[in-house]
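Structure in C-alpha cells, see below.
Chain nomenclature is as follows: A, B, C and D, assigned in order of appearance, with residue numbering initiated at 1 for each chain independently.
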Amino acid sequence: MVRVKIVGATGYGGIGLLERLLSHPEAKVVCLTDLLDVGQPISQVYPHLTGFCDLRVQAPGEEVEEEKPDVVFFATPDGVAMQEARRYLEQGIKVIDYSGDFRFRTAQEHDAWYPIPHTAPDLLEQAVYGLPELNREAIRQANLVANPGCFAVAALLGWTPAVAEGLLDLSSLVCDAKTGVSGAGKKPVATHHFPARNENMNAYRIVGHRHAGEIEQELGRWAGRPLRISFVPQVVPLTRGIMACLYGRLVRSVRAEEVRELYREFYRHSPFVRVREGEECPGVLAVRMSNFCDLTIVVDQRTERLIVISCLDNLVKGQAGNALQNMNLMFGLDERLGLWDFGKYP
Amino acid sequence: MVRVKIVGATGYGGIGLLERLLSHPEAKVVCLTDLLDVGQPISQVYPHLTGFCDLRVQAPGEEVEEEKPDVVFFATPDGVAMQEARRYLEQGIKVIDYSGDFRFRTAQEHDAWYPIPHTAPDLLEQAVYGLPELNREAIRQANLVANPGCFAVAALLGWTPAVAEGLLDLSSLVCDAKTGVSGAGKKPVATHHFPARNENMNAYRIVGHRHAGEIEQELGRWAGRPLRISFVPQVVPLTRGIMACLYGRLVRSVRAEEVRELYREFYRHSPFVRVREGEECPGVLAVRMSNFCDLTIVVDQRTERLIVISCLDNLVKGQAGNALQNMNLMFGLDERLGLWDFGKYP
Amino acid sequence: MVRVKIVGATGYGGIGLLERLLSHPEAKVVCLTDLLDVGQPISQVYPHLTGFCDLRVQAPGEEVEEEKPDVVFFATPDGVAMQEARRYLEQGIKVIDYSGDFRFRTAQEHDAWYPIPHTAPDLLEQAVYGLPELNREAIRQANLVANPGCFAVAALLGWTPAVAEGLLDLSSLVCDAKTGVSGAGKKPVATHHFPARNENMNAYRIVGHRHAGEIEQELGRWAGRPLRISFVPQVVPLTRGIMACLYGRLVRSVRAEEVRELYREFYRHSPFVRVREGEECPGVLAVRMSNFCDLTIVVDQRTERLIVISCLDNLVKGQAGNALQNMNLMFGLDERLGLWDFGKYP
Amino acid sequence: MVRVKIVGATGYGGIGLLERLLSHPEAKVVCLTDLLDVGQPISQVYPHLTGFCDLRVQAPGEEVEEEKPDVVFFATPDGVAMQEARRYLEQGIKVIDYSGDFRFRTAQEHDAWYPIPHTAPDLLEQAVYGLPELNREAIRQANLVANPGCFAVAALLGWTPAVAEGLLDLSSLVCDAKTGVSGAGKKPVATHHFPARNENMNAYRIVGHRHAGEIEQELGRWAGRPLRISFVPQVVPLTRGIMACLYGRLVRSVRAEEVRELYREFYRHSPFVRVREGEECPGVLAVRMSNFCDLTIVVDQRTERLIVISCLDNLVKGQAGNALQNMNLMFGLDERLGLWDFGKYP
C-alpha cells in the first residue's frame, strides 16, 4: 500500500488526484495540505465527495501526517517544489511535482523559460521527465519525477513517433493548441469569469509559452538535435479537454496508414494512447475524465504535411492522471491502476 | 453473475447502463439491441468505449444472445416494453423498463396520461414502481419493475418524508423542475440543436407533463389520499442534471433542522440520498455522473412553507443508475454495486 | 440632447447603458467614472467598443465632466447612491440608481432587507420606483428614480395584472426564478468561475433575498394590502436571461385566454411587454439583448393555479435597458428611444 | 430604397440578413421564401422578431413579391443559385449568393472542390468574389456576387496584406480554424445536438474542406502565382465566432510593428477590419454580432514565423453581414449602412 501525501490538495490538480486515489486499490492518502481551506474536511470544499473522504486540509508546515508517506505530490504552482522537495527526498520519500520546477535538464534552460531562478539545480540531475509513454524505464527508477505540462503531453505524444522516425522537417513544426478552462486552475480570474468566457475563445501568450520549451527539449532528444516549434495556446469555452493540432512537413512521401501503423507500433505497450481509425476525430468528449490520449493521423498529400490531432483531458492525462500513472510506475505497480476507465457520455 | 440484455442500447439510457455494467463485479452484458447502428460495435457508436467493449448492436427480432439473459432492460420509448415484456417474463427473465408503460397501477390511469392505450393491463398488477428508497422490499420481490421518470425521482425523494409525516397541505404542492438537455434523449431535434439551446432556457408542457401523474400516484400512497400538484418542467443549457424546487405549505410550525432530522431518519438505509447541511445547495455539479440525490431543506418562516431543493443527475439517479440499483435489489445484491462513486469535479 | 454621466461605468450595468447611449439619438455621454480601470479608454476595457467610444474612465471625486450632466446613473453597489445622490439632486441633476438604496418607501423597510442602515431617509420620499409599465406617470415627474431589481422586474410584470384584478389568493404566491450569470456582475468569484459554473445550476439565498422585499412592497400596492411571497433565486449556466415561474392560486374560475386578454389590456400602452400566444414559451433567447419581457400565461385547471412564465434579459429589461427607459420618460422622450430592437438570433 | 428578396429566409443566413435589413435605412424586404415554415409569419418561426416583422414565408416557385426586387439573396445550400440566378439576372435583378456556386473562376475549379458539377459555367465569368476589403471596386460594378465562405473571410483578411507584400514563404501556409456551431446551420444533426456538442471540440474534414480552395484561389491572385495551404476546420462549443490562426514562414526579417503598420495601411479604407494593438487578442466575444474582423499580428522571432489571429462572427462578417456590405456597395451606398454597430457585451 503506497502512502500518499498531497501538497496543494484543494486545487483542480490536487482534487483530481485525490478522486483517483480514493478508488486506487494499492494507495492510501495520509495527508492533505493547502494554503486555502485549512481545517475544513475536503468534502466540504468539494461537496461531491460527501460521504467518501473526510480528511481535513492542513496548513503546510503545521501538518500531521497520519502515517509517513511513501510519496509526495506537489500540486502546487511553480517555485514550491523547488524549495520543498529536498527534505522529502532526503527521508527517502519519492516526489512527483506538477510544476515546471524539474522539467528542464539544467537550471539555465529552466531560467530561460521561467522568471524565478532555479534554487535547486543539483536536483535537476536526478529529476526525470514524467511522460510514461516516452520515458517509462527512467520513471520506474526515479525518486523525483517532473510531471509534464498539459499541452506538452498532447504535443509530445502526437509528434514523437514521427520525429523519432525522421519523417518530419524539424524547422516546420507548428502546434496549435486549444484547452478547456480548467487548465487555468481553480482561482477565479477576470478572463475566466463565466460571462467573459462563455461564448468566447481567444489566443494568449502567442509566443513564449513555457510548454514550448519542454516540448522542444523532449522532442529534441528523439530528433537527436535541437529544434524549435511555434506554439499558440488558446482557450475555448469548455471545462475539460485539450485538442492540439500538430503540423509538420514530411521529408518523404508516406501514406497515412503507414504512419498510423508506425504509431501503433511505437505505442504498443502504452495502453493509454489510442490511434484512431482513418481520419475519424471524435474529439475531447471521447477522452473526457479518462487518462486516454486519442490521436488522429492524417497526411495532407496536397501540401505534403503530416497532421496529427491529439486529444486528451487536461486534468487527467494532462495532469493528475498522468501523475498517478507515474506513481504506479515508481512503485512497481501496473500503470493502469486507478486509471483504467473511460469517462462517461455525454 | 447476472446476465444482462439491453434493448435500446444506443440511446443515452442504454449507454449509461452499459457504462456501469462494464465495471459491475456481478454482471455481464450478453446482448445489445437497437433499431439504430445495427451491426456496429458499440465502441464505434460511442468512441469513448474504444478498448472496453466491442459488442455489436443487433437488430431487435434478429438478435443472438451470447447467453440467455437473467434480466432485460428496456431503454426504449413508451409503448415498446408493453409489447415485448411478456415473452421475457414467461421465460423467467426479469424485466426493468425505463418507459412509462408500467408506472401506473391501472390501465385507466396510464391512459389518462399517455396517448397510447395500454395493451397489457394484466402485467400492471405485477409491476412494481422502481424507486428503491421508497419501495425497496417490493422491488426485491419483483419480476417486472417500472423505472421511474427522472423528474419523478427528484420530486418523490424530495417530498415523501414530509408528506408521510403529514407536514404539508396537500393542496399547496408546486414542483418547479429544471433539467439538462440529455433528458430529452439522443435524437437531434430543433429545440436542442446547440445554437438554439445554448444561451436559452424555457418551460415546456407547462401543464400535463406525464411525470406529474406518477408523482401524484406515488405521493398519494404516502399521503393516504389522492392529491394533485402543479408541475412545470424546464430545460436549461447544461448536459446533465435535474434541480427540482419543491414548495408546500406547512400545516404546523416546525424548524428546518427538525425536518432535516426527519429526512435523515427516513433515508437512514438509503445510501444514495444525502441531506445537505443547513441551507447549502451546491447544485447539480456535486451529483453529476453519480447516483446521488442531494436534498437541501429550508423552512421559509415568513410564508410558512417547506422548500426542498432536490438535485440529481437525470441520466444516473434519474435513469440508468436507478435502474441498475433496481437490478441489484432484484438479484439480492448490495444496491450500491457498480454505482458507489462520486463523479468527478469539475 | 440629454447629457449623461455614468458612475460605475465599467461594470456590466454601466457598459450595458453606455452601449445603448452610443446609439441614442437624444443623449450624449459626458462623463464615466469608476474605481477600476481609471485612466483607460473604455474601449480598452471593453474591446468590442474599439472605434466607437474613447472616453476615459475617471476616478470618482477627481472627474472632469465634459459638460454638466442632466442625469447621473449610479450603476454602483448598494450604499453608494445613498451617499452621493443628494449633491446631484441639489444641482438640479436627475438621478437614476441601479441599487437597492431607494427602492423602499421607508428607511425602516430598507433596513429590514439590507445590512447597511439608510443614511438619507428624507430622499426616500421623493424617490420613485422605476418600473415604467407600472409607474409611468410618477417616473415622468421624478428627479430620483430607483431602478428595480432584475428579478423584481420579471415578477412584477408577470403578476401585477392578475393581482390588480383580484384573481389570486395572496397567501399562495411562489416565485421560482432562474438567472444567467451576468446578474451577479463582472467581478470574478469562485461560484461563477467558468469550470465551477459551467454544467452547474443551484439555488442560493433560498429565503431572504432582497428582491422579495421590493416585489412584496410593489405588489402589495396593487393588491391594496400587504402580502408575502416565497422567492427562490437560482443560477443557471448561461450568460444572460431571467426566467421566473410565478405560481398563484386562483380565487375564481377563469380561462387562460381571459387572463391573456386581461394582461394585453393592462399592458396596451407598454410596448416592451409581449403576452405570448397560447402556452408557447420560446424562452430567454427570444428576449436576449432586447428590452422585452415576454409573458406566457397558463391556467392549470387541475390545481386551479395561474402560472405565468416571465422571461427577460437581466442586463437589459432587468437593468440598463429599463434604466434608460426611465431616463426617456423623465426627459419627456419616447420611452423606446435607444431600446427599440430585438436582439439577434441565435 | 433597395427592394430585397431573400431565398432561404428561415436559415441562420437568411434570418441574420433579415435582422439587419429591418433597421437598414435604405432597404426594404419584399419577399421571403423557403422550403420550410411555408405560410408562417417569420416572427412565429423566430419569436424574437415578434412585433417587428410579420412577412410570411412563401414557397419557392409560388411566391408573390410585394414589389419587384432589386436584389435577390440566395441564402441557400450549394447548387440552388446555380439553377435560379439566371432568371433574376435576366430581369436586371442583382444576385448575391451565399453558397459555393459562384466563388470559383472556372467550372473546372468548382468541380474539383464540389461534388455537384457546375451547370452555369457562363455565369462564372461575370461573378465577382464578394470580399469587399479585397475586391471593392469589382463588387461595385457587379450584378452577381459570390459571398465568400466564412473561414475564407477570416483567412483572406488575415493573410492577404502579408502575401501581397511578399513577406511569406508560400509553401509554409497553415490555417488552423475554429468555428462556433452556428456555422453548420440551423438543421439539427447528431454532432451538434446539445449534449453531443457541449463540452466537445473536434476537427472535421481535416483535408479537403472546400474553403481551402477559395482561399488558395484568392490568395494566389495576390501572390501572383498558385499556392496551397493546409486548412484544418474545427468546431468548438460556442454559438458564434471564428478564430483562425494563420501561420507562415517569413522570407525576411521583420518586426511585428512593421507588419501591423503594413496591415493598417492596407485596410485604411476598410472600416470593418481592426488591427489590434501589440499582441492583444480579446477573442471572438469582442466581434460577436458585429461585422468586424479583428486581427492580432505577432512575429515569432525564434521560428521566423508570422502568426495572425483572425477573429470574426461567422454569421455576420462570415456571412450575412458581409453579404449586406456587398449589397451596399452594389447599390452605391455607404458600405457601413445597417452594419455599423459593435454587438453587446457580455
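One rule holds in what follows: contacts are C-beta pairs under 8 Å (C-beta built on N, C-alpha and C of every residue); 3 or more make two chains touch, one makes a residue touch a chain.
As the structure is a prediction and not an experimental result, all values here were calculated from the model.
Q: Counting hops between chains that touch, how far apart are subunit C and subunit D?
A: The distance in steps between these two chains is 1.
Q: Which chain pair shares more contacting C-beta pairs: B-C, or A-B?
A: Between B-C and A-B, the larger count of C-beta pairs in contact belongs to B-C.
Q: How many angstrom between the C-alpha centroids of subunit D and subunit B?
A: Taking the average C-alpha coordinate of subunit B and of subunit D, the gap between them is 46 Å.
Q: What whole-number Å value describes the gap between the mean CA coordinates of subunit B and subunit C?
A: Comparing mean C-alpha positions, subunit C is 38 Å from subunit B.
Q: Take the average of all CA coordinates in subunit A, do the same for subunit B, and state the distance between these two points in whole angstrom.
A: About 37 Å separates the centre of subunit A from that of subunit B.
Q: Would you give the residues of subunit A that are in contact with at least 2 other chains, written as numbers and ranges?
A: Residues 12, 182, 195-196, 198-199, 237-240, 282, 285, 288, 346.
Q: Can you list the subunit A residues touching subunit B in their complex?
A: My answer: residues 12, 15-16, 19, 22-23, 46-52, 182, 199, 239-240, 271, 274, 276, 280, 282, 285-290, 294, 341-346.
Q: Flag every residue of subunit D that touches subunit B in the complex, lowest number first.
A: Where subunit D meets subunit B, its residues are 12, 180-182, 186-190, 192-199, 237-240.
Q: Once bound in the complex, which stretches of subunit C touch subunit B?
A: Per the stated touch rule, the residues are 171-172, 174, 176, 178, 195-196, 198-204, 206-207, 228-230, 232, 234, 236-241, 243, 245, 247, 279, 281-285, 288, 296, 298, 300-303, 305, 307, 309, 311, 346.
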